[in-house]
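The structures come next, written out as structure tokens.
Next, two complexes with subunit A in common: one pairs it with subunit B, the other with subunit C.
Here is the complex of A and B:
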């Protein structure tokens, strides 16, 4: 066993195919057990029983592989073997796809935190996710992992004199970010406020009448991408963090769903998936980002990312693009010629709950 | 100085007296806006552009124009102290991307002069022929049709100075009163960008969003709001 190449998944499959159910957790975490049950896959009816492996189990352990990787491969292989054993009949295309999907899902289950992945690992997981979307939902998606642009910190300004409460932004956000249609999840809240009122507790976000209503103004909230985000601080597993361009993102595959971040956010910006988000295939936005609008699972937290999949390509967030009144101004805070800087220099601006020192990168202004 | 198609001889200084609001943005680049001039104006105009007007404490600007590929594109370069921005205005609702289709070109299918040849624009509200026009803006502010339209050539607009501009440059007309809006518009804050947050700034003209005769947006029913608390509904 002097070969130095890294063990591939195929090696494991081959091995497990010979060893069948012998590939167990203890085989990896402890020293190789001398005990070897005489080969049978357990299902009994398979023709695969009785093929004794020519090599001892130790072969698996001598190859260069870390614990997480090994677990992923072993369990993945076990799942696939079980699946194959249950099929046993001539392999149909459906069974083949099911087998592949299961394999990919297992590999996904054992991947690392996105922040610590190498470029190759990122590409690998994106490849798996794209393939899984194809296998499971029959949709072609393109998942992007573009990193933060250098010299860019995003800022947002919201003109409370202009907003009329049409909620075009909300509609565009739902479509762009593949938000759950069944629970009608929305990142953006538009509060209808009495003239002169500034306390959002007295605002009504559920208005459903002709707008703009006389004597009222409208104030939109969403994630403010704080420079000092309390939600990031409380996360026990580092599943949420602030990117160099100021966007706070969530690794949906690392989140454990404890919802500390929801409790910590003073702006009600985060949303929890109590069930698996459902988006009809024909409405799915296929242009996705790993940290943005890709498919979420149940039991994880998600949030507005200033449409990371758009803004890192130089486009406007969907809400800013959809706004019919021009109340939303978006740009690069580090560019002295940007519109957002003009607002900060020339208009009276304020931020929500400034006394908390969360330093939101989202300003309100008036004409 | 050069005679224009309508016979006026214009200078920057004469306008400076008449249009203080306009001055804020466009200074004395007036003759650059004659859309109907010979196409080679573009090159000359860039060379002949007068220096920005200097006023103490007031942002100054120059306007430069060029003819875009196949259409009436124009680029406005604003220069305020310590700040340079590039504005590429889009003209007409379906003129994206270049080449631009201008409102002026569209008007050639419906030449106003075919009806208005022997008529002048009266001071009364438009009746049968223009029943789609609800002139709330002129009636509220006490304007007549001829405050903005040239009496014997309705598809052209007239500024308070007496200068005529094409419909495509209606923002110059609007800027005469709505100077603060125009200032925000030129800064990219009134209205919005169309192409993205960086690079060339593409914005809409005033009349692309506002009906000039009824500028206020109408009330309407908004898109659905949140369901609080969120509960799963039927399969969509």
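Here is the complex of A and C:
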């Protein structure tokens, strides 16, 4: 301990930072320890203490002790000893992981707004979040932070004549975006409308019968990624903003949960996590984006991001891909050869509540 | 410094000593606060799911109370205005009490906002430089600034006055009167800003009208002085603190005029909504008459309107207003009516129907009721302590023990 006392605070910070990048590397190179079922191995008296941990876990353990030491120094806890380094029982491993997770969560608490992070800070938080997903949920996720592609602004067009109300898009969206399964949250709503008028007030988004129903048509809503978004304006902490490619995103870790944006949205596009969201590990989509479908927490707002984790990789949003009738057209508004441009130039299109000057990047059209 | 320590000790003593009824009152408030704390603990543990709010009605009882109490905080300043700006000495005695009401109401406002946050631990993100305060874009950022500024001013002025009296010094007018002018203007601003927070949302036609701000002010300037009348009457009947008779008739006049203006504005609003009904009046229809079989707020709003009209009538008829019993009754009724109208009647219908035309109703849960009651108890607790500390000093009963020594030197 005398050696560690001579370290300065800066040394400690640097040390923690180095551990972090190593931890990130580790997440890529080693198999994660599987999540332990509660109560089976947590007490240390379960009789499996003699088992030698496999090689990668041993390495993991050593590094975690280092991390814990760093934590102890940070908090000035003199009681930290290195005894645990020689311990090899799963129980102590669990305790180590718990400490590591706590430290990571502590560091996460003080991080800044994603929009203002440096590249290094972005990488650091992503490393922490990926590691936390292993430690807390026992799942391996990859969180991407690809920036907006140059020369791209996304737009969406919805063909009212083609939609038949199957809601495959809704299901695909739920799976792709890791939406809370317990409350059945949905970004997309499909309104069943009486033929003859386009008035959502007379539409029904809760229909439960065979579709398409006689004399009805179907209209989907979701976040329209307004060019002039009222939700962004009202956020008191700038936790939500419009990206250069036109997608309005939320920094889930910066949101304070005041729900002013929900009140401000004229299209009812935003969702709040009224409790801890839950997605079963086997259903989790591990391909995530920091501003997209990564794990949300209790008490923060989320919304449709045109599947930012897919679209920035040149793929279609899950809803557009899932649609069996071809009612959904998605593409780059700045590309004159894109299908969306063709629709805008050759069809009679309209948008919802144009009088509000929100300039949605989501158009409706008919054949 | 020696005075400051004695001041704090004496303040503590004033606040903690009293008769049996006083202790019962404070004990009762503490009990309600504890129930509220339990409710909040449940909410923190399980999430805002335990409230009646959902994605459709995303603000409920908490923000309703917030909107009402901002008005109460602002209106307390109406008592200060005549005292200093119009140099009406009658009101001088009531100023400290008014600022006590403002401070208590502001603390309740801030508490209601905090309990409404989904992620209260992240509220440090609001602090400029450390976090990001999205000012001047967000009206909520404006509200954070004006409410905290107003709280500081209303803490500083009474603290300076009381402390000066405590140490037997005449307060220096050059030091505090300018701040009183600032506070009066600031009072108007906190309420307008809070109204703009709602009125600035084109997504919600029910709030998006130019009358909302003025109506906020009118209703606040009715409810605030009504509360002051009740408080001053209570203090006069229970203590020897001299409150001149004249103050009641003046406050009653202010309350009466504000209540009348408020009713005129209500009528104007109802006319615009219902003369030629449009798509934008669906919220008003929901509130006053129900919409497609949903009518949870209808009994509330008609009760509020009835009480409002009755109280305004009593306040308008001179003989009745001059009769203390009628006056007190009218003030109490008016206060409750405006609370219902501004709370349930303003915030909630803004969300119904939703921007996509869906109707989902809101009903409060026990957690919201417990937390709300707890915060009100906290406000009354703070107000009681402030009054309890201020009165003996103002009556000259409590003075710094070091004074005589200083004087004798």
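Keep this in mind: the second predicted complex is superposed on the first by the 276 of 367 C-alpha atoms of A that agree within 3 Å, B and C clash if a C-alpha of one lies under 4 Å from a C-alpha of the other, contacts with A are read in each partner's own complex, and residues count from 1 in each chain.
We adopt the following convention: contacts are C-beta pairs under 8 Å (C-beta built on N, C-alpha and C of every residue); 3 or more make two chains touch, one makes a residue touch a chain.
Computed from a prediction, not measured in an experiment: that's the story for all the values here.
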Contacts of A:184 with subunit B and subunit C, given as first, second, both or neither: first
First, second, both or neither for A:255, with subunit B first and subunit C second: second
First, second, both or neither for A:211, with subunit B first and subunit C second: first
Touched partner set for A:233, first subunit B, second subunit C, both or neither: second
Which of subunit B and subunit C A:275 touches, first, second, both or neither: both
Subunit B versus subunit C as contact partner of A:364, first or second or both or neither: neither
First, second, both or neither for A:202, with subunit B first and subunit C second: second
Touching both subunit B and subunit C, residues of subunit A: 189, 205, 274-275
Complex contacts: residues of subunit A adjacent to subunit B: 157, 159, 164-168, 170-171, 181-186, 189-190, 205-212, 274-275, 278, 280, 311, 313-316, 320-321, 323-326, 328-332, 335-339, 342-343, 346-347, 367
Touch list for subunit A against partner subunit C, complex: 109, 113, 116, 189, 191, 199-203, 205, 221, 230, 233-239, 253-260, 262-268, 270-276, 297-301, 356
Interfacial residue positions of subunit B with respect to subunit A in the complex: 83-85, 180-181, 184, 187-193, 196-199, 209, 217, 219-228, 230-236
Subunit A-touching residues of subunit C, taken from the complex the two chains share: 46-49, 53-56, 58-59, 113, 116-123, 125-126, 131-134, 137-141, 144, 197, 200-204, 279, 282, 350-351, 353-358
